[in-house]
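I'd like to ask you about the structure that follows.
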Amino acid sequence: MSQDKLTGAKVAEHNSKDSCWVIVHGKAYDVTEFLPEHPGGSKIILKYAGKDATEEFDPIHPPDTLDKFLDQSKHLGEVDMSTVEQEEKVFDPEEADRQVRIKQMPPLAACYNLMDFEAVARRVMKKTAWAYYSSGADDEITMRENHAAFHKIWFRPRVLVDVEHIDMSTTMLGDKCSIPFYVTATALGKLGHPEGEVVLTKAAKQHDVIQMIPTLASCSFDEIVDAKQGDQVQWLQLYVNKDRAITEKIVAHAEKRGCKGLFITVDAPQLGRREKDMRSKFSDVGSDVQSGESNVDRSQGAARAISSFIDPALSWKDIPWFRSITRMPIVLKGVQCVEDVLRAVEAGCDGVVLSNHGGRQLETARSGIEVLVEVMPALRERGWEKRIEVYVDGGVRRSTDIIKALCLGAKGVGIGRPFLYAMSAYGLDGVDRAMQLLKDEMEMNMRLIGATTIEELNPSLLDTRGLMGGHSGVIPSDTLGLGAYDPLEAPRFNEKAKL
Amino acid sequence: MSQDKLTGAKVAEHNSKDSCWVIVHGKAYDVTEFLPEHPGGSKIILKYAGKDATEEFDPIHPPDTLDKFLDQSKHLGEVDMSTVEQEEKVFDPEEADRQVRIKQMPPLAACYNLMDFEAVARRVMKKTAWAYYSSGADDEITMRENHAAFHKIWFRPRVLVDVEHIDMSTTMLGDKCSIPFYVTATALGKLGHPEGEVVLTKAAKQHDVIQMIPTLASCSFDEIVDAKQGDQVQWLQLYVNKDRAITEKIVAHAEKRGCKGLFITVDAPQLGRREKDMRSKFSDVGSDVQSGESNVDRSQGAARAISSFIDPALSWKDIPWFRSITRMPIVLKGVQCVEDVLRAVEAGCDGVVLSNHGGRQLETARSGIEVLVEVMPALRERGWEKRIEVYVDGGVRRSTDIIKALCLGAKGVGIGRPFLYAMSAYGLDGVDRAMQLLKDEMEMNMRLIGATTIEELNPSLLDTRGLMGGHSGVIPSDTLGLGAYDPLEAPRFNEKAKL
Amino acid sequence: MSQDKLTGAKVAEHNSKDSCWVIVHGKAYDVTEFLPEHPGGSKIILKYAGKDATEEFDPIHPPDTLDKFLDQSKHLGEVDMSTVEQEEKVFDPEEADRQVRIKQMPPLAACYNLMDFEAVARRVMKKTAWAYYSSGADDEITMRENHAAFHKIWFRPRVLVDVEHIDMSTTMLGDKCSIPFYVTATALGKLGHPEGEVVLTKAAKQHDVIQMIPTLASCSFDEIVDAKQGDQVQWLQLYVNKDRAITEKIVAHAEKRGCKGLFITVDAPQLGRREKDMRSKFSDVGSDVQSGESNVDRSQGAARAISSFIDPALSWKDIPWFRSITRMPIVLKGVQCVEDVLRAVEAGCDGVVLSNHGGRQLETARSGIEVLVEVMPALRERGWEKRIEVYVDGGVRRSTDIIKALCLGAKGVGIGRPFLYAMSAYGLDGVDRAMQLLKDEMEMNMRLIGATTIEELNPSLLDTRGLMGGHSGVIPSDTLGLGAYDPLEAPRFNEKAKL
Amino acid sequence: MSQDKLTGAKVAEHNSKDSCWVIVHGKAYDVTEFLPEHPGGSKIILKYAGKDATEEFDPIHPPDTLDKFLDQSKHLGEVDMSTVEQEEKVFDPEEADRQVRIKQMPPLAACYNLMDFEAVARRVMKKTAWAYYSSGADDEITMRENHAAFHKIWFRPRVLVDVEHIDMSTTMLGDKCSIPFYVTATALGKLGHPEGEVVLTKAAKQHDVIQMIPTLASCSFDEIVDAKQGDQVQWLQLYVNKDRAITEKIVAHAEKRGCKGLFITVDAPQLGRREKDMRSKFSDVGSDVQSGESNVDRSQGAARAISSFIDPALSWKDIPWFRSITRMPIVLKGVQCVEDVLRAVEAGCDGVVLSNHGGRQLETARSGIEVLVEVMPALRERGWEKRIEVYVDGGVRRSTDIIKALCLGAKGVGIGRPFLYAMSAYGLDGVDRAMQLLKDEMEMNMRLIGATTIEELNPSLLDTRGLMGGHSGVIPSDTLGLGAYDPLEAPRFNEKAKL
């Protein structure tokens, strides 16, 4: 028995808001003062007060989190884990069903398109992980519109073009890639796969596509950069911290480690409310709480807003400062109307991503592809179309979606959730196949539209009248997308309540 | 045994249309002559002829009703309640199921938006109360359109605006409030909660929002005013009586008791037909009646129209008279086209509410938000936009809906049913949470749209093309709203009929 | 035993195409030569060859049919019915279920609108009768559009109009009626009710509305006219016979019997294919036939076309002749575009009915209400709007529908199927209630729209933009209408086939 | 025992990729070198390596396939079939269910329209055959749009036209036919019926309609031509081979055998991905394979593209060469925008088929009928409408569809799948009835629209506004079409997996 180590009993004494210790990977930490600042709320920590939180902690925090964000004085040292009481796992029938479904999972070769991965992931992922990945703002109208908007655009293909040789390679921010999509930044990769974002790094390498590294990754930034091979291109997605010194450090480090583009997220001054996610967390954390006002966490809205992780005061005035601290191309991620694109050009930005954050922020925000239709003519009118690269993300599921965006003038498109789903269900093989399917579709569809290179894609190949009528029309529905969608639910009645 | 009191047996003799006595709160009343005038029809009274009607009477009549509307000569005095025969309650399986559902009700914290309260209320409210609150005119197309119309309007948010500090306070009719919505007038609050409208008064105080007091409240007007605290602001919603002296008395009393605005309902010269409500009442009252013509209450349509409570002859000619009897600002509630808004300005009104009465009156009337789009440009064209305050009600469920109305030029929006549902399911705590959720959403969404004050909300933040195509389009549906909606039903076959 | 009477055995010998006798009401008829001319096809007669056909014959033929259409030489005289073999009724589980449903039928007072009658009728009518009444052409798209088109039109009501007194009476072709709808002509009333069309005559009288008598009534023309009371107004709907002498006789007789209007059907040069009806008949007649080509009645299409009942050669050239044989106002029923309305004015017609025959003839023909929108401006442009009365039928279910048609310029609307459904389910009481519901709705809705007389209805009270986008939009759906609709079915597999 | 014949054991030794022999109709073939070229992929052949493949081979290959495409040196001679091991058939519950359904099939006379055949075929066809016929590209949006687009076009019929005599005959490429549709080319007819395409030849003769012979027929070209009778007209559909000598031979042979038109397919430089078909094949071939990357046939996309059967390099430059090798009229099949139609005129083509290959190639390609609306005005503007014949195929199910296409300017329409379904379910009788139904509908609908000849069909008979709004609208749905549609499915979980 070690003399220096803390005992489980000692830690267990600190099990309340007033004194809260937790164990992570065999070490104890005093998080009492940190509780109100925790971006995920204090409640989830308090559930593990005085206990071992490793299993819950791991998938949603990079390994360097505690070192970075918790003062050394709060690191209480090693715990003799043999003295820590083991919690008996309660039998969870939902989890048992999930384990059965995992065993019955379709073979990877049965996935023929990106929506298939979503349909499989929905059934094999942990409920809370699924809820975090799949949820959107409010009624998820924008989230669904992102995909649907592509169906409002139809092709006007050309025939009798020699399409024997197809070249779908292009460049983004000056770097070459094999096909005009990139892996966009998505948070908390370890919720879906124990290795987290490095799985995406490896798949991106295999297919010669660019990866955008998220600020809120589960892996540490360095782990993700370390996983790259050769001249593989990576970009950095940035949430701007209230403390600009921290931000400067992050940017400088990324540039030093070879990142080739800085994507500043501008559509999230406050993280959105995602009710599917909240409901999933609620039933997790709140299952044994009584009804009543006292359980309503009033501060949560505000807490999210003043989180030091994301500065709601970020504004156009900050752009020159970013110019001054890095030579990486600067791209604004989350621009949503033509006025702001023009302003970005004037501010000297190198690019914009027309994006609504995957429908996770402002509800009834328009899809990126629709904004693109209003943006490009305004740029061309001013002769500015070469001064800025325009990207689109949100809802891309088919190579036809990619081609539509490029015909309209986008330089490339970002794809996020589909790769998370492929990774969650099938790991690296899944992401690999997802990318290969896109390439197969892309080659075929360029042939069918009568274009042999990316440069030949142009607006005359499209009929975009369907986008002109605002949003009151209904688009032709796809049964796959409808089947994969997980509809929101009203509060559930507890049918096992004692009567 | 009291000598002065009436016996149950005596009262029970008067159990027909020819002589009809009822007991309410231990006193007997002769309502024979009143039968044809009863706004709810005579049938429902006759069901209690010669009996104790207290339980049925209470939720739908203010306590001062009998004093006000029944001549003193018809007040027959106290009844010795020990002599009144107790009706044995018939076991009602639907009611038993409801009692189970009440015990299984989700905790309040599981409600994340205003539609969640509706979904819960639908299952825990009494069937007739639910039918009264939730029903609309004819096919309920307008009722549903009210909510759906907001989905036809999409955002054009601005990014990189410093949104650290959000101020969502505003003024309505000169009075301050914390957020630009008010609690609009809805009838018969005690159907949902034993305390009735005062619950809303208390919640309004907690959140510093304005309450509009309904003419047809279950609480008496004075009870509702008595419940206000400090400088809390209340308005009066007015149905104009055929006898203008009664109306003048009501208005003068309201002004004296401190009401700050007079909202004259102009969209209800006759109360609408709400079939869901009628069907629910029918099965209640008419369950043991035989099929056949004799049960068709021919007079009902007319009865409703000539009810002295609401004067169908009310017209523009009456407005000067209202001006002459009160100094309260005068607002016309229920205006539905631009022509009438312009006429209201010319008549010197202080405001209008663009409203279709929650879809309970004229079917296929347009939503208030759509009318707003035709109203504001006409006002601005004439430079009249400061001469009148324009409000909108109907279908508001999310803070995005509020923001859309304000961007288009509304001064504020009214919210009715959602607070009734929150109150019916969870009481004051429910209404409190509903209002807090709106505030949380409002703060977040103002950040996400890039506006820090109400003044900054303007039409360039919206894409309203979806409203231009008339009404033949379909809007993106929300699964919550669809799930909460209680569809109309065809007449039910009696599957237990003797064969 | 009568000596003069035929025996059942004798009749039974004539049981084939080569010699086909049938018994109707105790008399035998030789219909061998008539077989190919029978508008309903020969197969249905052959089913009763050599047998008593009374039960099948009655509901679909006026009592004077055999006298009128079968030469006296084919009337074989009385049959000794005691010698006719009684067919044992096979137990039909569907029919047994229907009998149960009839016993469980909701009381009449539970019907609150016209669609409720349809929902009840669907469950209590005989399958073949329901199929005949409810079916439409091809995919029934036009049939459903007729109702849906009204939902594309929304109100712009006026408030603060003195609406105490509502007068909804009007005139049609110079005759007064209490409300601007008439009972339009529909065939085979006895399928729904043993008394047939005279039920409608009586109800029309009770409500002071006009009835149009159908050529293909189950009652004889004279029976229907005999049933009218006092100055009740009736019109004649006319299918024009190839033999104009027959037509002239019919018209002259109608005028003599007091008909006030001649409605010539122009949208049915050939009766439409109604697959729901065909399928219902097929399973009736063809249940024991084997699969294979021989059962395909090739001649049926042609047979229908050359039926002498309806002359496909009827053309504009015939109009002057009609003018010459009657002083009744002449109205063309079934006009479907503005060009033909203008031509009708030039041809001196007194009216047109914009109608697609209840969606029973040409599929994807436009609704009458939509055609009205193109017709009235063209008439007004030429100053012809007083030279012709324009009527609309198809899909009218609510008084709001009637008001919309009148605002757009129609003189009145025809209502058909709803009264058949009311009659089939509840007899005269049903039709009476249906009409009363329309009147109650009409009075209320005129109040709510702010109009006190029919003359005040005008286009500024409507928003018709929803009609402008062609037919690709979806209209707000009504759950009642959707619930009442009986969708078409693919051929049914015989799950009881011997395997 | 024959001395010359190969033994089953000998053949069975060659059961791998390295040496692969198969038996077809009692003869052995060495297909080792052919494996990578097989258009259907190597996997399906390998399943039969060393075994008798006749049953699988027959329905998808014309009898002359092996002679034509496999070098004589690979023909190994006869096999002594008595020495070939018989595979025991595994009991397949799906197949057993299908056999039951075949016995319960509705009689042919119960099919009243073309969709009815599809509904029956779906339940009685082999799963893989159904999947091949019914599948479309990606989400099958274009496939469904093809049918739906006709519902966006509505009629403006004329009344009081003498329509006693209807003549619906016309000419196509100078040859007469009885009705303006032709049987378009569809591959692999023996999947649906053992006699394959000759069934269609016979039905076409019976109805005097033209048949287009597919390159990928299951019958050999000569078998199909041999089946024609008298002056029956046939056309040739052509996939252009990389080796133009082969193509020249095919064209010369077709002209010699009397083909009257050459339809060059231009919308399939690469065969489309049809996931329903792929999934059906997968479960067939891959049922016992393990999950994992190794099963992903990477080469498949490319393989399809470089298949020598179809030359992706085919271009406008080749048209003069076609002109030089044949005197048959040249028609481009699969043109999809007005620009290419004008180019076809300039290139001297005799016709175009506006087609998206039945929705099997490019997803969200527009329907032929919609392209027609943009094509004809451009031709008329240039006075070119007589220089080229314009055909449309895709989604035609009703005679109203045919009439709409002809009103808009098409010379005729092609119909494919419906006849395959009719043939698969009912053989020649089925196709015969399908054609007769179209004729019956056509005669009736020409009457109802007021046109007596094909020449009288013109754009003023239509309302095409529904096509103008792009593709965001929803069309009125037909319950038959919806019921017949087989929606795509996500990958299936194996619920019988060992747990």
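Should a chain be cited, it is by its letter among A, B, C and D, assigned in written order, with residues numbered from 1 in that chain.
Operating definition for what follows: a residue touches a chain if its C-beta (ideal position, glycine included) is under 8 Å from a C-beta of that chain, and two chains touch if they have at least 3 such contacts.
This is a predicted model, so every value here is computed, not measured.
Rotation angle relating subunit B to subunit C: 90°, from a CA superposition, given to the nearest 5. Both copies, subunit C and subunit D, contribute mostly unmatched positions to the interface they share, with under half of the numbers common to the two. With centres defined as mean CA coordinates, subunit B is found 43 Å away from subunit A. Rounded to whole angstrom units, the spacing between the C-alpha centres of subunit B and subunit D is 61.
Residue positions 468-469, 473-474 of subunit D each touch two or more of the other chains. By the touch criterion stated above, subunit C contacts subunit D in their complex at residues 138-141, 144-145, 148, 266-267, 269-270, 272-273, 275, 278-279, 282, 286, 289-293, 295-296, 298, 300-302, 304-305, 311-316, 318-319, 332, 334-337, 339-340, 361-366, 468-474, 487-495, 497-499.
Across the interface of their complex, subunit D is touched by residues 100-101, 103-113, 115-116, 119-120, 123, 150-164, 398, 400, 429, 432-433, 436, 439-441, 443-445, 447-449, 460, 463-469, 473-476, 478-481, 483-484 of subunit A.
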